[in-house]
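Same chain, two partners: chain A is paired with chain B first, then with chain C.
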Partner chain A sequence: MGKKRYEIRLSGSGGQGMILGGVILAEAAAIHDGINATQTQSYGPEARVGASKSEVIISDGEILFPKTSDLDVLLCLTQKAAQEYIDDLKEDGILIIDSYYVGNVPSKYKNIYKIPFSQIANKEFNTTLVVNIIALGAICAATGCVSEKALFEAVKARVPKGTQEINEKAARLGIKLVKEQK
Partner chain B sequence: MGKKRYEIRLSGSGGQGMILGGVILAEAAAIHDGINATQTQSYGPEARVGASKSEVIISDGEILFPKTSDLDVLLCLTQKAAQEYIDDLKEDGILIIDSYYVGNVPSKYKNIYKIPFSQIANKEFNTTLVVNIIALGAICAATGCVSEKALFEAVKARVPKGTQEINEKAARLGIKLVKEQK
Partner chain C sequence: MSVELPKLGGKFIQMEDEIGSMASIIGASIGGLKSMTATSGPGISLMQENIGYAVITETPCLIVNVQRGGPSTGLPTMPSQGDILQARWGTHGDHPIITIYPHTVPEIFEETIRSVELSEKYRIPVILLLDEVIGHMREKIDIEKVDKNKSFKRKTPDVPNEWFFPYERNSSGVPAFADFGEGYRYHITGLVHDVDGFPTSKPDQIDAFMKRMFRKIDDNLDDILDWEEYELEDSEYMILAAGCVARSAKQAIRTLRDEHGIKIGLLRPKTIWPFISSVLIDKAQDKKKIFVPEMNMGQLLLPTQRFASSICDILPFNKINGEAIYPHELVSFIRRNI
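Now for the complex of A and B:
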């Protein structure tokens, strides 16, 4: 079996749960799927203007350098995040965008999933609080970086008590939305 | 003014809030004090047996490599965490331990703060949930890596609504406990 390694960045505005999303994805890999993971936030000037990003590396080998520089997967929930980070995505990387907020993206990217995450969260769950969890489902289905079972377990272990069921539904919806575009 | 750079690891058992503690410390530096910070979790085999660690680098310069290797500051809330991580602390680094759980530490370390965090949390606040926040106060006072004001602001921005006041008190108590030992 070949080495499996994914460098993933989740980006959006502050308050969209990108940090918790990164923690859940890393725990799905490390605790529930039993492979290695790191999760990093780098706060620079953008943290002070409300942008937020979170990075996860998942690997079945050792992770020596946890800073992502050549992304396999990029999630952008806002246009601002897309402008800031899109150049860090490999040309054959997977781009997942909130299609309601993110307009044009460079034509060199061919593996794109366009999903109006915030609109769907509002329509299906009456809240945008689950937008990060829907996005994790999308990342899981688009990449296979973690198993669906590990994702559900990690989600349920980290979200507030009483919200496990709605969050598992949100993750399942994200998986379904990507599978429909495959 | 010389460059200021702190490599800090928070360690304990799963459920002691080490990840949230790292996020709060990094945000105190980056959002409230206006300097750079990264915060990383590395999940390896130890994540599957309940140990937890979280790393923060705070710097007024650029942070090119966010993995801490030569720690300036190490917090250990359990004996297991101390055994696992103590060798990563510089000889002149600052060691902060839960003195109720952590017994012997290598004699080469001279800058040690011994505080029974869990016992104090239970006695003063009737809960161990604030143990991570008391520890952040201790780190702040022992190192000066972030300002007290930035720490209180970051704590209040991240803890659950309705618990801001108790958590600010917990941070203030951690600061006081270290100042008494200085």
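Now for the complex of A and C:
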């Protein structure tokens, strides 16, 4: 990845696991890949209605300013989140959307992965609870910001006991879905 | 803390409010335990009366204040640096106090240990001042590398009971602390007291007590003060900033140096009270200007002006909209003003 600062924002609606997703991604980088990461999230009234977000900065150098300003990657699971946050994405940044819920995005963005995360989660796992983990797999494959091995380890360390296997499968599926679109 | 502390043999108490929290950590400390409490927003105002009690009774304790926008209920969960002066002068009456201001998650860990140590060593409440930006953030820390064994043991008396003076005047200025209930019988009061712990209104005893309270801090600045110098060596301009704003400043310095060739560095007080006045005076000597960015209307600006305004120009940059100061804002402000 080189000595580079990588800014990632995960967004969706409350309850979609965006904060846990950010924590897992940051831990994959900082603990399992051994580079640096910070993770922040929105609190307060903003976090309780509408769009919810979690932000991760990954770098193999020191992370000075810990907030995002120019996003390299934006994940949007809802149209509302896309509308709220898309302006912070760099023009050459990577946009990953749940194509079932996000219909419209500005035409200037060219690096887009359109994946119907929630529908796939329902079909493959019979639950939408793993949407965030599938999305992490997608981010990993689309960006290479963390290694696949680190992602699997971080997922297994964070999800509830007894769900490790299904969550690892979800992460693998996310990786596969992006590789098919590359 | 409620989950983790009991696992390590500690005790966690939920009090009815911040007045009670502050009172109970003072009681715990007088009983011989290292104690701390934490708050944000109006909670620190509620704690101030008892912080004064901890100062005058010379009871070690740690108060963590994760600053948020105020006054009053203000801006819950949004960052601000509005309590910098309150951390110095929040409780009434002339008094010394120590305030430490870390700027990263690993530094919070290390400085919490140092704060407890300073508190025990000098028998004084220490305020650990934090920013919401760092307080609500996850960041990497290598626990193995942190020296966790340097924990300071408070000085306890070793004289017979009848020889014991709880507020004795000794060369260090810090009397030995007898844990309450351990055998030494003495009096504790929020009134100004003499060496025996009982109230006094005699000017010579008041003078001796008050001056000792200040002396124990003023005589030990070498031990208490700490700061970071970032890219200061060859710099013509200097930023003075603390907490999360220092991180914005470092990022801005990278851009100003690498992209615009401006020789600028940062002086970051880790101990903000007492203020690093002699360090500032020394570092300001060869500077053309000092920039003081803050998420308030100019609180660190005041001591900076007090000690350096006769040396060089000082320019404040203030932001109070509930957002962190972004590096690009500092870059353009500094470029416009040099």
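By definition in this document, the second predicted complex is superposed on the first by the 176 of 182 C-alpha atoms of A that agree within 3 Å, B and C clash if a C-alpha of one lies under 4 Å from a C-alpha of the other, contacts with A are read in each partner's own complex, and residues count from 1 in each chain.
Following the convention adopted for this analysis, contacts are C-beta pairs under 8 Å (C-beta built on N, C-alpha and C of every residue); 3 or more make two chains touch, one makes a residue touch a chain.
All figures in this text were calculated on a predicted structure; none of them were measured in a lab.
Set side by side, chain B and chain C differ in how many residues of chain A they touch, and the one touching more is B.
Once the two complexes are laid over each other on the shared chain, residue contacts for A:Ile139 go to neither chain B nor chain C.
In the overlay built on the shared chain, the residue A:Ser69 is in contact with chain C alone; chain B does not reach it. In the superposition on chain A, contact is made by A:Ile19 with chain B only, not with chain C.
Chain A residues in contact with chain B (one complex) as well as with chain C (other complex) are 23, 26, 30-31, 36-41, 43-44, 63-67. Within the complex, the chain B residues that touch chain A are 19, 23, 26-27, 29-31, 34, 36-44, 47-48, 63-67. Chain contact summary for the complex, chain A toward chain C: residues 23, 26, 30-31, 36-41, 43-44, 63-67, 69.
For chain C in complex with chain A, the touching residues are 76-78, 133-134, 136-140, 244, 247-248, 250-251, 254, 324, 326-328.
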